[in-house]
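Look for subunit A in each of the two complexes below; its partner is subunit B in the first and subunit C in the second.
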Partner chain A sequence: MSSERELQISPIVQEAVMNNSKTLYNLQSLTASLFGVGAGILGLESYSGFLFYVVCSLLTTMLFYVLRVAPTSLPSGKAAFDASRYFRSQFEFWTGGLMNGLAGFILTWTLFYGLVRA
Partner chain B sequence: MAQVPVQTIHRDPQLFYWILFPITAVMILTGVLRHYATVLMASAAKKLDQKTMREQRSLLHGINVRGNSHALSKRSFTARRDALITAYESGAYLKDPERRGQAPPNPMSDPSSMEGMMGMMKNQMAMIIPNTLIMSWINAFFSGYVIMKLPFPLTIKFKSMLQAGVATKDMDPRWMSSISWYFLCIFGLQPVFNFLLGSDNAASQMAQQMGGMAPNAGQMFGPGVDPDKQFLAEAENLAVIEHYSVLDGVEQRLLEGIKV
Partner chain C sequence: MTSPPVQLQAITPSLPTRRDKAVAPFRIMTWISKTITLLGAVLLGHACYSAQEHSALQSFKAATTTLTSTSAVASLPIDIAIETVVATLVILLGLVLGTRPLRPIQWNVWAGKIEREGEEGFLDSEGEMNRDFVGNPFSFLETRPGFVDIRKQRKEFAGWIKNSGPQ
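Now for the complex of A and B:
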């Protein structure tokens, strides 16, 4: 009862949450395709390519946090690396990019690997 | 460990210009076309007559009063609740009050309900027809070519999928034929469409399938649902609410929030 009550005192607007996650999704899928271009031109294969993808997308999320989330989230009393001011689920914020962009990454990776190397 | 020699296949560079780029371009253009076809085919929301509109809106009114009861003061909530319950139980908002208690008409015979089904059919068609066409086009023109090498190794199971139409036994499953490039395009072009058409586009069939899973909001007033029963259920829901206001004890919270 108490948590429901807190939600009613400071409600969460569904549209704003959707807009936030859509913005994040767009950023992640676009950058994933660009990482694919990079990995293809570098000629990375198998594990090193996927490692490149994981590192780069985590770096993107990190930059997103530092540049967009942290400036307003830290003064409002949230702990560092806590994105709950704008996003519902921490897990989704930090690792969602890995799943969202994977298909686009593989497509452009294959394309540019094929164009440059093979 | 013994190094497995890397297979190399010499391919004509013209393959890229005559197979890879046509398939990619066709996939992108089909996505754009599908988006605009969906936009054009979307039928405008049908105008409802006044009685039907009143029936639906008054039910929504009850649901909203129930959902936001905490924002109302005790007195105004009680007044709203009593008025709504009386109206619901007497059937004042019903479209045709004399038909109360009768079985709802068969949804198949109602012409207005066919519209919704037609819309769904149209969307399905816009998805299925281009896919079938492109698939048979690729099969007819480009089958049997090996065009690219995947940058990551795969197990032998993928061979039949990736190298459809290339019956070479010892070829590494990393080599892919044109039909598998088509599949990669299906899954991976979503970011491109997001970039080209804005993020809520109808280009990708993946997104459409996801959207199809979401529960349909129009279902509430769908055909075959008896509005009288809905009203009675809503009256009951309203009656059992234990009302409180968010403003209860607000002075206490304010004083706690002020740091001395």
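Now for the complex of A and C:
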């Protein structure tokens, strides 16, 4: 792979990568629980609940991109929706939230569904 | 050879003053994000309580009047649904605003940011210095000793030997 050579030419700061991915991971875990509360109150069931989660999770990443990544990424010459200034893997940035928070979402979803509809 | 400790003493006291200047905008950002999150949490709590009350009322109605169908239990009033969605979005906005600032991952961009902004670019949302902040990667270039003129030193040494050496 030529990525080894590219890494030699333009090195990556590991601690910055750690800091950014931890920030995103914390946000996604927290918001996934929040979406679970919302889905439980709305009384969503089966597929509509998971659809709600997918939409909200993508919305979270979108909002994070608009508020945190875009203000400094766009002036530095990156294309729109390109988070490579802060994240190594674009695919992971956009879809990582779907897997990160799923467990927390289901937990609070079932909990609040049971609480509201007791 | 005594110059490095002197420079260190000159650098160290300047750090707290820089940090104090940078604290204010981060405090304001944190305050805004916490207020928004709290507002959303109040809305969400209200929506949750409303939904619970509605559900209890529906089941009570269903128990007292056997004529009505039980399908009404599942449907939530539209205002509670709207309140839930709005509250979720408000909390989401507050949480996103409260995230720590990101750092560039490419070494040249990262080092250039430190060079331009100093420590202020690397404070977290509480205005505190991050523990893993390593400082300016170019500082060793700025604090290293200058070049040594070895020929001049040899000449001086030779002169010193000539004057005071053979006795």
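As a convention for this text, the second predicted complex is superposed on the first by the 107 of 118 C-alpha atoms of A that agree within 3 Å, B and C clash if a C-alpha of one lies under 4 Å from a C-alpha of the other, contacts with A are read in each partner's own complex, and residues count from 1 in each chain.
The rule is short, and it goes like this: contacts are C-beta pairs under 8 Å (C-beta built on N, C-alpha and C of every residue); 3 or more make two chains touch, one makes a residue touch a chain.
This one's a predicted model, so the numbers in the text were calculated from it and none came from an experiment.
Asker: If subunit A is used to align the two complexes, do subunit B and subunit C fit next to each other or clash?
Answerer: Here subunit B and subunit C can both sit on subunit A without a clash.
Asker: Examine A:Phe93 and indicate which partner it touches, taking first as subunit B and second as subunit C; both and neither are also allowed.
Answerer: A:Phe93 sits against neither subunit B nor subunit C.
Asker: In the overlay of the two complexes, what angle sits at the CA centre of subunit A between those of subunit B and subunit C, given in steps of 10 degrees?
Answerer: Taking subunit A as the apex, subunit B and subunit C sit 80 degrees apart.
Asker: Answer with first, second, both or neither: which of subunit B and subunit C does A:Leu42 touch in the superposed model?
Answerer: second
Asker: In the overlaid three-chain picture, which partner chain does A:Leu115 touch, first (subunit B) or second (subunit C), both, or neither?
Answerer: both
Asker: Name the contact category of A:Tyr53: first (subunit B only), second (subunit C only), both, or neither.
Answerer: neither
Asker: So, A:Ser29: does it touch subunit B (first), subunit C (second), both, or neither?
Answerer: First partner only.
Asker: Determine, for the superposed model, which of the two partners subunit B and subunit C contacts more residues of subunit A.
Answerer: With both complexes superposed on chain A, more residues of subunit A are touched by C.
Asker: Using the superposition on chain A described above, determine whether A:Phe64 touches subunit B (first), subunit C (second), both, or neither.
Answerer: second
Asker: With the two structures laid over each other on chain A, which partner does A:Val17 touch: subunit B (first), subunit C (second), both, or neither?
Answerer: Once the two structures are laid over each other on A, A:Val17 reaches subunit C alone.
Asker: Report the closest approach of subunit B and subunit C over their C-alpha atoms in the superposed model, as a whole number of Å.
Answerer: Here the least C-alpha separation of subunit B and subunit C stands at 11 Å.
Asker: Can you pull the subunit A residues that subunit B and subunit C both touch?
Answerer: 26, 30, 115, 117-118
Asker: How about subunit A: which of its residues touch subunit C in the complex?
Answerer: Contacts found on subunit A: 10-13, 15-20, 23-24, 26-27, 30-31, 34-35, 37-38, 41-43, 56, 59-60, 63-64, 67-69, 72, 76, 85-88, 112, 115-118.
Asker: State the interface residues of subunit B toward subunit A in the complex, per the touch definition above.
Answerer: 11, 16, 20, 24, 70-71, 147-153, 176, 181, 184-185, 187-192, 194-195, 199, 246, 253
Asker: Which residues of subunit A touch subunit B once you look at their complex with the stated criterion?
Answerer: Counting only subunit A, the residues touching subunit B are 5, 8-9, 22, 25-26, 29-30, 32-33, 39-40, 44-47, 49-50, 101, 103-111, 113-115, 117-118.
Asker: Can you list the residues on subunit C that touch subunit A in the complex?
Answerer: Going by the criterion above, the answer is residues 44, 47-48, 51-52, 55-56, 73-74, 76, 80-81, 84-85, 87-88, 91-93, 95-97, 99-110, 130, 132, 134.
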